Amino acid sequence: MTTTQLFMSTWRWDPTVLLGCAALLAAYAGLLRRLVPAALLFGAGVATLLLSLVSPIDTLGDTYLVSAHMVQHLLLLLIVPPLLLLGIPPQAGARLLAWAPARRLERVLSRPALAWVLAVSTIWVWHVPALYDAALADEGLHVVEHLCFLITATIFWWPVLHPVPARRLDVGAVLIYLVSAALASDLLGIIITFAPTGLYPPYLHPPNPHGVLTLLRDDWGLSPATDQQIAGVLMWIFGSLPYLAVILGTLARWLDEPEADLRVRAPGPALTEEA
Amino acid sequence: MIQAEQQLGARAGATPASDEAGREQLDRFAAMDPHKMGMVLFILSESVFFTLLILAYLLYRAAPAVANGPNAKTVLDIGLTAIFSACLFASSGTIWLADRSLARGRDGLFRFWLAATIGLGGIFIFGQGQEYYRLLTHNVTVSQNVFGTTFFTLTGFHGLHVIVGLIALLILLGLALAGQFKGGQHRAAVETIALYWHFVDAVWVVVFSVIYIGAWLS
Amino acid sequence: MPDPQSPLAQASIDLFNGALLISTLIVLGVGGLLAYMMVRYRARSGAGEPTPDFGNHKLEIAWTIAPAILLTVIAVFTFPALRAQEVDTSKAAGGGTPDLIVIGHQWWWEIRYPQANVVTANELHLPTGRQLLVQLEGADVIHSLWIPQLAPKLDNVPGHTNWMWLRADRAGTYQGACAEYCGTQHAWMLIRAVAQAPADFDAWLRQQGAPAAAVPAGAAAQHGAQIFAQRTCISCHAIAGTAARAVVGPNLTHFASRQILAAGVLENNAANVTRWLRNPQSVKPGNLMPNVRLSDDELRDLTAYMESLR
Amino acid sequence: MSAIPLVPEPTAALPRLRSNEGLLSWVATVDHKQIGILYLITTIFFLLVGGLEAELMRIQLAQPRNTFLSPEAYNQLFTMHGTTMIFLVVMPILIGFGNYLVPLMIGARDVAFPRLNALSYWLLLFSGLLLYYSFIAGGAPDAGWFAYTPLSEKPYSTTPGLDYYAVGLLASGIGSVAAAINLIVTILTLRAPGMSLRRVPLFVWMVLFNSLLIVLALPSLNASLVMLLIDRQLNAHFFDALHGGQPLLWQHFFWSFGHPEVYIMVLPAFGMISEILPVFSRKPIYGYGFVAGSTIGIVVLSLLVYGHHMFASGLGFTLDLAFGLASMLIAVPTGVKIFNWLATVWGGAIRFTTAMCFALSFLFLFTMGGVTGVMFAIVPIDKELEDSYFVVAHMHYVLFGGTFFAVIAAFYYWFPKMSGRMLSERIGKINFWLMFIGFNLTFFIQHFLGWAGMPRRIYTYDNNPGWDWMNLVSTIGAVILAVGVLVFIVNVFVSLRRGAPAGDNPWNAWTLEWATTSPPPLYNFDQVPPVRSRRPLWDLAHPEQPDYQPPAGQGGHNQ
């Protein structure tokens, strides 16, 4: 099989995924009422979601390459939720939160400390070899894994990219929140990179249902060792970039907003008196 | 101009009474306690330090020299250490209770929980000491193999941090007995030390998981 | 740099030339702009403060994105060169024998041809037009094999095997050195690579594979051989075909056929060999060969023996 | 307090040594200005020591097969030169400036923890003395400032030099972390009313993130040094290949500190340039947000790219590529800064003071060092030129032509504030030209030496074509450079006695430190001016055209 054939033939149009994406879009349309430019972002988010779950990334990640699986996870964790959240315009967000159940849910889940611990521990726990391999072996568990990622990542990004900008964390908190999360996943990436080959044993000698193994191993040059290293550095180095992008975005917004609300003390006798 | 500023101030709510007030309403950082902030930063740097020690341990966990020589599975007493660890974990709770008692102005209770924290920390250190003694008498040393090297370095530095914490807590206790914290004064000092103590505890959660539970699972 | 003589080094040089061109343009651009501004915007007496200008987001975004694009282009060009230069370690480690093993010692190079069972030092021979798989080892501390005209450098790390490609397309002698600081005599840890036509190389390899004569020709050399066996020489050096089998110092079986002495401090000729043997510490201070304190006669005879090891 | 104070309360900002408070008050001081000045004096002293070491090395290298220095001496000198310049000069000189300037710039009375501040300084001084004590205790460290294992391990380095290195750097490392924590807390909690984080001078902003980087990166060094020390003293095996350890682990740990360190040594210099260029161009900084924001990009990325120091160690294709790409990425935020600085000067009214001359040459020299830095992010180029003189040239363009030129600019700019007297401009111009010419003569040619295949850290070399005269040129340049540095020292001494009185604000600058007297009084300000924009003194001087939006709502600019 050639690379082109691989990319043409290994799409897997799983009905549950299609249904899920359609449901997302429908809910969004219901919320939105009127088309706005932000819808493009939401659309891109759904498209990325679809891409990560039905494209060859999924096929390769399921069976052959831990690196492809890592790409899938990173998309679900770092690309899809931010795009979806950015795609909700403030009015729509306000409408959503006017709905009592959503508001109650938000009150519980939008605590930054909780969101941080939930998201980071989800990433770590699912990358423990025993659980990771179990998810590979059992399709149902695999779906649970991906849902876990999507949901906790959405909870994680919510305080940073809240649809109502006024309710987002302030810039200092965002910096601490995101840098610490990035470092926490960097650490996992470092461990995957330098762990002995075969951290996830199923990828050592994958079954070859699509007959692409020689293509991957020889033409692409992805031996199990290289494959695992790529997975590691994807999480370690490239996985940090979305965090950085959001940090810089938040910072830019903050630097540009006017400071009229800042109170200013009248000049007067200053710092010399009290010790 | 002054008038304009006063207007600005009035619009935002109140006129600042003093420097401190003018400062604190700048942003959330300006309102924070400097000692606690300093401690958090110190903890941040210590986390990096321990991360490297832990990574070194993880790296050599599966080394051939460790598989054939003494290693966590063959020489460590997991059950006993679990008991001593429980004391350390419990001490995080007692120091929280101490701080809460202080906040409520219950000095006697504060001193009691502080002493309990010191006692629990002391038990942990005693436990670590007897484990070291057993290992060293069984010729498991820092120069025996890379397991010894990384194990003693990691747990030793943690133990050192516990001892430093105990000294700080003893000073707090001394000050408490001298009546320095009457009526909830200087609570920031207690909270700052408590932060450190929680950190030392949290490090042990990781170290205990990596070394002991890791060995038990493998 | 002298011209690269292999596609491996050429790949680096091509990238360098490209990067150099871009870099020069950038440096000249910044320098020129600075010079222009220094003339054009010199403060003039009487003029007031210039109009404040706090920035322009569009412009600033432009000069953030432009370098990013430029770097992306450079990265794309990097990929194939890197791919060509690097050995796929997972394959090399599992698969075939290396053509060459280069072991870094404090302050000399041990070179082994495992397929021909040849061991030599400080002088590496290779056939032209063939890409050799080289295995790198460090015997004591970290060294780094760098023959600029033939291949990018790679470290010799103790306890960690590295693999590199080495290739020369034209016959000739190429200078190399240890590039990783390795202690006192790091400066004199040179290596010479001699690229030969394949037939010449094969002849050289055959010749190097032969053991030395058990009894050298000539009385002086024979006496020299005795000195070699009786004094401390034999406890560090090996000479195939004799009782000398130690592996601490360089293998001397075909010592006299080599161009350089003591990893490049001296050219290898009789006078220099005597000088070296008289007191290695004065020629290469700190090296691990002790002064054996030979008399003038002993020096003459040992030199004769060494010179017989062709 | 009923006890009799051992140290008299200071009555003046900078007590003279001969006064009866004198020496004791300097030793016991907890005042950030005095400690800042102690930092600067100490680092300048170590600069001269490290510079002397460099001159000796250059003399040895002036001709092939020179025997001026023994290999052992040369190796100790280059190790100590690197260690001194990095840990005892560049890093602490920047911390020293931060110490002196940050409280003044944010309108605070002192740093948050004055006694901790004193501890940081004394740790620095003693770590320096400890390091240099090794010379008389059996030999200085000789394994390079990076102390690669196993060369730095006991079997290969038997003198106690490396032990002094490890303990000395641990002391200075702990001091640096303490100083960084102090600066962060100061900046975050002690800003004057109105001084929001969006209005702090860029120098303060850079010091803030620089300190954060110190807090995150220095512990890696401390941990590595602890492991090295345990290996050496207790025969442990962290980096010992014979007993299952991995020598490369040291490199990973060391460079996870070492690369952020590169930025630690340059970020405050960026801040200095961002203060000096606007004042002498008479324009506000162009794009405060981009200059400030790109710093955060640099901080985060710098934690991810350390592997580019290890390309030659055999990381393998994947890691080489990943670290190469990430390293290229870091050039983007750095480039942004250069462009913004150029735009700051554009359309200005340039006053060619010595400070400005150094600042403008910083722009040029740092760009040179920057583009060669990008070359090293391109892995195939790196693998050819790594550990050659090309790196020596690159690194000195960044650290000397970059950071150190900025530091000299900072001295000319802030010396009047510190001492109350101007540095002589006449001597200053001589100083500038000697240093500029000497620097380029020394280091530009080293690009070619590296290109010609000369490895670094060699005590001598064979007479290869061109190597002799190029090295000679470099040595001549180094002598001129040294004279330039000495002229600077002379200027300081001359101007301290005879310099023109500075007044509060000799440069017509805009940040708060210029609102107080020169030198500032004990508690810095009698009265902090209102801070309503990034240039409070501009607002005071130009009420008709302030930087902030007047509430009435006409004219002016936001922030």
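Going in written order, the chains are labelled A, B, C and D, and every chain counts its residues from 1.
The rule we apply is simple: a contact is a pair of C-beta atoms (placed from the backbone, for glycine too) under 8 Å apart; a residue touches a chain by one contact, two chains touch by 3 or more.
Not measured: the values here are computed from a predicted model.
Undergrad: Starting from the defined contact criterion, work out which chains touch chain A and chain C both, please.
TA: D
Undergrad: Which chains share more C-beta contacts than any other pair?
TA: After tallying contacts for each pair, the winner is C-D.
Undergrad: Looking at C-alpha means, what's the farthest chain from chain A?
TA: With centres defined by C-alpha atoms, farthest from chain A sits C.
Undergrad: Could you please state the distance in Å, as a whole number, between where the Cα atoms of chain B are centred and where those of chain D are centred?
TA: From the centre of chain B to the centre of chain D is 33 Å.
Undergrad: For chain C and chain D, let me know how many angstrom lie between their CA-based centres, rounded off.
TA: Comparing mean C-alpha positions, chain D is 34 Å from chain C.
Undergrad: I'd like the Å distance between the centres of chain B and chain C, where a centre is the mean of that chain's Cα atoms.
TA: It comes to 51 Å between the two C-alpha centres.
Undergrad: Residues of chain A that contact two or more other chains, please.
TA: 172, 226, 260, 262-267, 270-271
Undergrad: By residue number and range, which residues of chain D touch two or more other chains?
TA: Touching at least two other chains: 192-194, 196-197, 245-246, 288-289, 316-317, 325, 530, 532, 559.
Undergrad: What parts of chain B, by residue number, touch at least two of the other chains?
TA: Within chain B, the residues that touch at least two other chains are 5, 8, 16, 19, 22, 26-27, 29, 59.
Undergrad: Quick one: which chain pairs are touching?
TA: Those chain pairs which touch are A-B, A-C, A-D, B-D, C-D.
Undergrad: Under the stated contact criterion, what part of chain C meets chain D in this complex?
TA: Residues of chain C touching chain D: 1-2, 9, 11-13, 15-16, 19-20, 22-23, 26-27, 30-31, 33-34, 37-38, 41-44, 47, 49-57, 59-60, 63-64, 67-68, 71, 74-75, 78-79, 81-83, 85-86, 88-89, 106, 136, 138, 140-142, 144, 146, 148, 152-155, 157-160, 162-163, 175, 177-187, 190, 264, 285-286.
Undergrad: Show me the residue ranges of chain D that touch chain A in the complex, using the header's touch definition.
TA: Where chain D meets chain A, its residues are 107-109, 192-194, 196-199, 288-289, 292-293, 296-297, 300-301, 303-305, 316-319, 322-323, 325-326, 523-532, 549, 558-559.
Undergrad: Contact residues on chain A for chain C in the complex?
TA: 197, 221, 223-226
Undergrad: Within the complex, which stretch of chain A touches chain B?
TA: 170, 172-173, 187, 190-191, 194, 196, 260-267, 270-271
Undergrad: Could you please specify the touching residues of chain A with respect to chain D in the complex?
TA: 172, 175, 179, 182-183, 186, 193, 226, 229-230, 233, 236-238, 240, 243-244, 247-248, 251-252, 254-256, 258-260, 262-272
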